Amino acid sequence: MEAFSDGVLAIIITIMVLEFKVPEGHDWHSLIELSPKVLSYIFSFIYIGIYWNNHHHLLHMVRTMNGRLMWLNLILLFWLSLIPFTTAWMGESQFAPTPMALYGIILLLAAISYRLLQLAIISQHSGDSAFVKSMGRDWKVKISPVLYLLAILTAYVGPWVSGFFYVLVAAIWVVPEKRIEHILRSE
Amino acid sequence: MEAFSDGVLAIIITIMVLEFKVPEGHDWHSLIELSPKVLSYIFSFIYIGIYWNNHHHLLHMVRTMNGRLMWLNLILLFWLSLIPFTTAWMGESQFAPTPMALYGIILLLAAISYRLLQLAIISQHSGDSAFVKSMGRDWKVKISPVLYLLAILTAYVGPWVSGFFYVLVAAIWVVPEKRIEHILRSE
Amino acid sequence: MEAFSDGVLAIIITIMVLEFKVPEGHDWHSLIELSPKVLSYIFSFIYIGIYWNNHHHLLHMVRTMNGRLMWLNLILLFWLSLIPFTTAWMGESQFAPTPMALYGIILLLAAISYRLLQLAIISQHSGDSAFVKSMGRDWKVKISPVLYLLAILTAYVGPWVSGFFYVLVAAIWVVPEKRIEHILRSE
Amino acid sequence: MEAFSDGVLAIIITIMVLEFKVPEGHDWHSLIELSPKVLSYIFSFIYIGIYWNNHHHLLHMVRTMNGRLMWLNLILLFWLSLIPFTTAWMGESQFAPTPMALYGIILLLAAISYRLLQLAIISQHSGDSAFVKSMGRDWKVKISPVLYLLAILTAYVGPWVSGFFYVLVAAIWVVPEKRIEHILRSE
């Protein structure tokens, strides 16, 4: 299951580049016109990178593979497979409200699928209370859907407001946890 | 053989997304126009997901790899590799009769190839009668071609009739067997 | 090296399908217009299938990996990576002479690269004379370049003459050796 | 991490071929018009081949995987994922100055990312001074960024000057080290 998922994620991350159509001009100016596409690509690259990393760790905790886990995993991959499309739309529309909202909807649905997969795997470790605790209190997994929801709701307020929440989700996943804990404590 | 097959399936499932051309408009309406494509993508995603899962289990039962098995496997992958095309045609034509019939033809040929591969693997276990029995009576593998045939024949009657059979095949594979057995028994 | 090569071959075999542009019509007639493309796809699918199978076995005989083997392998993958392009050109031109000749040139260069890789691996087994003999007398590897050359030279005579040699190469690789030996003996 | 990286590299190397649009003509002349694209493809194929080979060896030296290594690896893959785009632009513009400079910029950023990944892995072996030495004095990794910088700066002088440096980088990586040492010594 891991090899297949890794393959799908590797393809998703790479086919997004196919959206960068070769510009007609041969100067820096024609390259700058691509910048909204590049920016949205960077975002999605980071998101897929985060998923790949966490998904990897999650699958290692699977005790016995079964049909339910397999389908929960496929549902997660389904939502992730739509990211190249929403990324391209967001970039091409230069961060128009609807594409930005759709981006959040897809990410929200992926996050919910991830949580369901995680809960199904946690339930396999019901005897190991320490494990259940550590997984159960995964605050990043819990807070991300809330931030995606805020990004969706503010998409029509302005791209910068919505974009702020997308940056925030990426940041809490990319920045190592210890540093975040330190920041939270010092506040 | 498994790594190669997994790779091919992962690519098939992901390149289907390349069919979602970025809409020119930036509103929900232009997204709704994509819905036939999305719907046909969902179908094919589920079908490839089913194949990936079953194919995976099937290859684990191979005792000795040989040229015959390898070619039977490649023939199966050949038919599956045509799914992105038929999916795109079905979506773009908004479920016109001919694309819907072709979709069933490709799925039927894939199902027959799968059965041939399965029979070739069963023949390697000729001594183990319990195994042969359990594999031989794989009712899902036997009934699917019949349902595909019905979907093909009814494609010109109406998309809903034909579509019903496609949903039915997906359902009997996705829904866990025990539940189905329970339903059948209670009837 | 095997995982990377398998990945490249899996992608090559699958991206060829992207050439099947969805037809504008929704009837069988518009599908029939695709038939030259489908036919050339079938050919290339078989060729890549043959390479995948043989390449797989060949890499298992590698004793120590080194830079030379790695580059010989990459050169082979380079020629194979051009197959989707030549396949598409051959199909789109409805088997015009030049695309058919180019198809043979790419296959010839791939075959030569394969032979060089094979010879480099054989040289690692110089002590094992039985192995060297069995690999050295690999008549299929030796005769294929000759047949490709004939296909190239006859491309301007007519597509059927050239096509005959392409079918012949595919046939001698696909048909199990024992059967061929039997045919040759009975003649 | 290796399987995912291998997958991404395999896809990058293969999707570059999708840039070879089937020519409208069916003669050798229309093929020759593709030559700038083919030439830039050959370059990128070699570069990705070099990265794949070195990256492979590098990852084998990882002692304990952690978030930092994972993100350094993803940053490297990010720059490499932009190679198909710059390759296509360079080919389509027939080696115009700006695309050639961009090609170098992407390669330079990839080279810097590779060095950072290498240094992070070296720091895991701080006790093993022999290892640190052998990795630390990796002159190819150190000289490549300088040559890329020269290629970028000379892109506006002329394609041949800039191209010379790209060939030079490829050459020092492809030609086995012993031969280079021999050449350097004999000078």
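Lettered A, B, C and D in written order, each chain numbered from 1.
Just so we're on the same page, a contact is a pair of C-beta atoms (placed from the backbone, for glycine too) under 8 Å apart; a residue touches a chain by one contact, two chains touch by 3 or more.
Note that the structure is predicted; figures quoted are calculated from it, not measured.
Visitor: Could you check if the interface between copies chain C and chain D is built from the same residues on both sides, meaning over half shared, or from different ones?
Guide: Counting shared over all numbers used gives less than one half: different.
Visitor: Fitting on CA atoms only, what is the rotation between the copies chain B and chain C? Please report it in degrees, nearest 5.
Guide: Result for this pair is 90 degrees.
Visitor: What whole-Å value do you get for the distance between chain A and chain B if each is reduced to the mean of its CA atoms?
Guide: So the centroids are 28 Å from each other.
Visitor: Nearest whole angstrom, what separates the Cα centre of chain B from the Cα centre of chain D?
Guide: 40
Visitor: So which stretches of chain B touch two or more other chains?
Guide: Residues 3, 7, 11, 15, 18 of chain B touch two or more partner chains.
Visitor: Looking at which chains touch, is this a line, ring, star, complete or other?
Guide: If you draw each chain as a dot and join those that touch, you get a single closed ring.
Visitor: What chain-chain pairs meet the touch criterion?
Guide: Touching chain pairs, listed by label, come out as A-B, A-D, B-C, C-D.
Visitor: What residues of chain C sit close enough to touch chain D in their complex?
Guide: Within the complex, chain C contacts chain D at residues 3-4, 7-8, 11-12, 15, 18-19, 67-68, 70-71, 74, 77-78, 81-82, 84-85, 88-89, 92-93, 96-99, 102.
Visitor: Please output the residues of chain A touching chain D within their complex, sorted ascending.
Guide: 3, 6-7, 9-11, 13-15, 17-18, 20, 22-23, 26-28, 31, 42, 45, 49, 52-53, 56, 174, 176
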